[in-house]
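In what comes next, chain A is part of two complexes: it sits with chain B in the first one and with chain C in the second one.
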Partner chain A sequence: MAYERIHPAVLVAYFLSVMIPAVFTLHPMMPLMALAGVVLLLLLTEPAPPRVRTIIWMSLLFLAVVITNPLFNHRGRTELFFLNGHAITLEAVLFGLRNAACVIAVLLWCHCMNRFVTGEKWLAILGRHLPKTALLVSSAMRLVPLLRKRGEEMRKSQQALGLYGDGDAMRQLSGGAKVFSMLVTWSLDHAVSVSASMKARGYGLRGRTTYSVYRFRREDAILLTLLIAADALVLTALAGKALSFDFYPVLNGSRNALTVPGLMTYGLVVLFAPIWEGRNRLLWNCYRSKI
Partner chain B sequence: MELLQVENLTFTYPDAKKPALTDVTYTVREGTFTVLCGASGCGKSTLLHLLKKELAPFGKKSGSIRFDGTDYESLDSRVSASQIGILMQDPDSQIVADVVWQELAFALENLGTERSVIRTRVAEMATYFGIESWYHKRTGELSGGQKQLLNLASVMTLSPRLLLLDEPTAQLDPIAAGNFLSMLERVHRELGVTVLIAEHRLEDILPMADRVLVLTDGALTLDGTVDSLADAVREGHPLLAGMPAAARLWKLLGMPGDMPLSVTEGREMLRAVCASNVTPKASLNNAETAISKATPDTADAAVSETRKSKSADSAESAASLSEVYFRYERNGKDVLRDCSVDIQKGEHFCLLGGNGSGKTTLLHIIAGILRPYAGSCRLFGKKLAAYRSGELANGITALLPQNPKDVFVTECVKEDWLLACKTTVPEAEREETVRRTAEMLGATHLADCHPYDLSGGEQQKAALVKVLLRKPKLLLLDEPTKGLDARYKEELLAVLKKLKDESVTVLTVTHDLDFAAVSADRVGLCFDGGVTAVKPTHEFFTENSFYTTAACRIAGKMFPGAITCEEIVEAVKGEQA
Partner chain C sequence: MKKTLTILLLAVLIPAIVVIGAVVFRERFYAWIALAVAVLSVLPLLYAFERRDSTAKELMVLAVMIALSVIGRVVFYAIPGFKPVTAITVIVAVAFGGEAGFMVGSLSAVVSNFYFGQGPWTPFQMFSWGIIGLLAGLLRGLLKKHIAILCIYGALAGIAYSLTMDVWTVLWSEGAFVPKEYAAAVMAALPLTAVYAVSNVVFLLLLAGPVGKKLERIKKKDGLFLSE
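Take a look at the complex of A and B:
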């Protein structure tokens, strides 16, 4: 995976630079580009083809957003037809399409971010500035699956010891409550021993440092600089109303000197991930053929 | 050089009537390996915790502890944190972080080590301990043995001078325990760390030790080399039951000379015994007849009886599984595959096998917790599926789970015991049953405690009392001897004997071969998803040369058929007669 070698902070910065501008402007090109980029990225990186269920759900969501907007929003001048005495306008349909594309694009980018930026990487980012919080999050992340496992084990054992009786609801309920209260006791007990083990290894001494396996390399610095430059341009365009777009009453995009450079830069940012992935894949094939 | 000096240490817990430790005095030299032994609850843990300043329990303390010449009262907390490492019993409750590398870096971070130094030190430790392949794994996904290795590595990142270990292998299976102890020995030998370890597994640990300390009821009753243990053992010290098979045999035979510890030494001793007697050929025959006389005949008789009747009457089986398949996930691997086994009424059946061979799964299926997706299971002649929900757990089967903590659901042990009794019985009678059952296992003193305040061995005991109070026809035990000292094992054996008289069927899953050898009627080996090699106990152990008891390996070709020390002794006596 080409993303394994990018520093988590740069990764997060990248995903935010893709998602934020797409949400904060109504320009229809933005979500379309974001959607195109993420679809390409998914085609290149997704290990298994998406399940039919996922595709169906996504399509349903898309349709729902597209349909609801013109049904409840009757602004816009270009009337297509009337439904129950209300006008369904072209502008409202297009606005629905734009929103749907935006929702789906952000969902898919989030999915990618989740896959590339694992919990451990979030902690590495947090750890620098909020070491205590990072440690807390880390131990919480450990505790949740542990608690679930303990609860399941206790439930099974108690079932084999007849705590739940022969299936009558009252016994089941009181048994469940007993197991739950014991689980709470267990977690307190666990917390005490963990804190003992922490103290034994010097937790609480002054001058704690944090360690991370991720190093900020030259490549990361270059990528981050480029990203910041691109972001600056896109944000300036956003602030300068270069990417503003009105759907109502009629479609009307504002244009100035920054519109085209802004859109192009955003397009480059969005396409960066699939290009980077594709390039690394090509390179890899190249190296492999030489081995 | 003396690293640790303890003088006249007496310690009393608040509200306790008598001190947990009385007048303990000893020194530990730098670079030595000291084993601390004694029965459960004799004060081993208290002593170890007092040596680690941060974990010292509250209570009244007198006497002094000096580390490297400095009194504990004035010991710098940075020195104490980095130079004294401690490892406890439960692997899970010592891990702080979510991912392995975070855990390894934790102690170094606390001491404010620089990033570049941490990187080197963590890399060094991961390589040394063979952690590399799971360096990025989540700590929750590790096996118990890996967790305890991680805990050891995590303590070692600070390169401590003194390592305190409180029964670190009690929760591990024998293979993981062996790995852990050999890693510990390597750490001691190659890095020169001073080790002070409390441990039940004397068989594995004594060959590594320079020195042995024995605690009895809070007082130090023995302090010397491993050889000096010999005198105590010769006089029948309670420690004897936990000694390696060779040493036990040495005592039972009343041999002179050095106490043997390993199988090889034991075999040499036995050879010497044979050589000094009649010709080997004759002795062999004698031995065989002696064994058949000596073996606990009740067990063998029961087996032959059941074997005779087996073909005739299928209703005689307590549990019978045929061609059972089970998996945990739909796309997962079969944990049980074409698994068939038949457990006879009234017998004690021991199921042995490695980790992940499906032993516990099989037990859970019989207990009705898990449901196989193919094959048939019958309990006492009735299909498992035909039992109503909860009917099974009500007087038919009762399961002692691997983790005894799972058994308790109240804040007081006695309350849990009462909860296990049948509700139809009047209260006074229930109290009486509880009292009798607890007495039988020597657990009466645990009644008023909180279950989580008990030590691992005591929890096991209290849990077994609760399981027995369910009055099952088929008792299912999952690793009942895990973390137990030798004395309690004997008590457990007595209980099993009593259950046999009451013709309760017992199915035990265990790693403990010695336990199986002395208690089981028949033994089965779980392997590759099925139960193979179901045989009467003697046959099973004598036919195996590797997967067998230490006593059987010592007896070897000299006394074929003997699988316990007692049987070897009988054989030798038979030969001398």
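Take a look at the complex of A and C:
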């Protein structure tokens, strides 16, 4: 079953199960595993290699987060060197590294989530519980390209009439405001006529149901059950202090019977998406060679 | 029935979130609670809007205003922090009331993030812009008096938005609220804060008159938001 066929609620639950434990715990293994998982997933699913600009931006962000912590935080026992009379400690640097790994991992997982859980899937989830909000969001999403096109037409016609020059900044700004104002008039009228046709088609009548293309299949139920079981195990391990970790004053991770199962379960959750994607790739290649 | 269910849900949900934070995510308790506060303060307001009777006309007018503020954010994408979302939210709130302002502010965050990317910052933006709209609606009597008061509100809203997002930045990267680091984040974001405040004032000066008038007109002509 490809991602497109998995119910969006299950997809969202999956991404939350990956990101929440990585963000809200201190155990250094969690963000590292999340980072490893998302890099694998990106290697398998990203159509084009990342742009240089993105890589530079990410590295700068990573460095900034790593540096901030030891600059402001002088706890920890292993002093590396002194800066302006304040100790820069190994523990603080490692804590900064953990934070940076976490920030980058969440950014990349969010990037994947935006790819897999598209706008219309969010609307399918929200539509049942918040129908008016979902209607607002979906109408606005449709209006954005429409109004941009309209605005562009208005701007061009104003320019052709010589009313909206490319001259100084002030004229440019007032010309832009004028076009925007016209756009508001046009779109408010558009809203009124759209609402009239909505009413004519029975919007707001009692007893109407909503349609969703996404069915909750047996496979979804199985996936969700497995996910909840894995989450329960990870949360139990966290609650049982099996994955506690202190950076200060010295690095100190607690261990008990649940530590290894907890970490392994979280690792399985994180690796599930790349493994699933790899399996689908293999299947696709096998089938294709037969056709 | 539905109301008791909501109360029950809140009565169970809020303690449950606190307990989960204290027991499971105790090392990052503050960040967890901050996210929970952002989500839980947006949800009841969305549900209140769902329960309210609103006509198709009102919904479509709100959708148009959301789309316009999103277009503004996309058009001025090149200048960081220069976006008309706050200005449009405030103008809508002054014309149509706090609930409409809240919806336009918070949903502009959602819709524009379908372009810029959703992330853990989405609930915080929904919260900040939504509350700016809600407050503008509550203070609309005052804000209508003079354009200068409206501009002061816009500038303050820009500063408050920046300060709120800085809280979130510090909590997200550090997991705890460290006053020193918060001060550093605020200092680092100072130019951005200035751009927020100035752009809000510029957009309010440019748009409050013409757009506000149009909204007032359509409100009278088509009988929108009369209960406000």
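Everything that follows uses one rule, which is that the second predicted complex is superposed on the first by the 280 of 291 C-alpha atoms of A that agree within 3 Å, B and C clash if a C-alpha of one lies under 4 Å from a C-alpha of the other, contacts with A are read in each partner's own complex, and residues count from 1 in each chain.
Just so it is clear, a residue touches a chain if its C-beta (ideal position, glycine included) is under 8 Å from a C-beta of that chain, and two chains touch if they have at least 3 such contacts.
Worth saying up front: this structure is predicted, and the values here are computed from it rather than measured.
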item	value
When chain B and chain C are modelled together on chain A, clash or fit	fit
Partner chain in contact with A:Cys286 - chain B first, chain C second, else both or neither	neither
Touched partner set for A:Gly151, first chain B, second chain C, both or neither	second
Partner chain in contact with A:Ala169 - chain B first, chain C second, else both or neither	neither
Contacts of A:Gly202 with chain B and chain C, given as first, second, both or neither	first
Which superposed partner A:Val213 touches (first chain B, second chain C, both, neither)	first
Touched partner set for A:Thr185, first chain B, second chain C, both or neither	both
First (chain B), second (chain C), both or neither touched by A:Val52	neither
For chain A as apex, the angle formed with chain B and chain C - C-alpha centres, to the nearest 10 degrees	70
Chain B versus chain C as contact partner of A:Asn73, first or second or both or neither	second
Overlay on shared chain A, then closest C-alpha pair between chain B and chain C (Å)	9
On chain A, the residue positions that both chain B and chain C contact, one per complex	119, 135, 139, 141, 146, 181, 185, 190, 194, 196, 198-199, 203-204
Contact footprint of chain C on chain A as seen in their complex	19, 23-26, 65, 68-69, 72-73, 99, 103, 106-107, 110-111, 113-114, 119, 130-133, 135-137, 139-141, 143-144, 146-148, 151, 173-174, 177, 180-181, 183-185, 187-188, 190-192, 194-196, 198-199, 203-204, 235, 238-239, 244-245
In the complex, chain C residues that touch chain A	20, 23-25, 27-28, 31-32, 46-47, 49-50, 54-57, 59-64, 66-68, 70-72, 74, 103, 107, 110-111, 114-115, 117-120, 172-175, 178, 180-181, 184, 206-207, 210-211, 214-215, 218, 222
Of chain A, residues touching chain B in the complex	119-120, 123, 135, 138-139, 141-142, 145-146, 149, 153-154, 156-167, 175, 178-179, 181-182, 185-186, 189-190, 193-194, 196-213
For the chain B and chain A complex, residues of the former touching the latter	52, 54-55, 77-78, 81-82, 85-86, 88, 90, 92-99, 101-102, 105-115, 118-119, 122, 136, 138-140, 151, 154-155, 158, 364, 367-369, 388-391, 393-394, 397-399, 401, 403, 405-411, 419-420, 452, 466-467, 470, 476
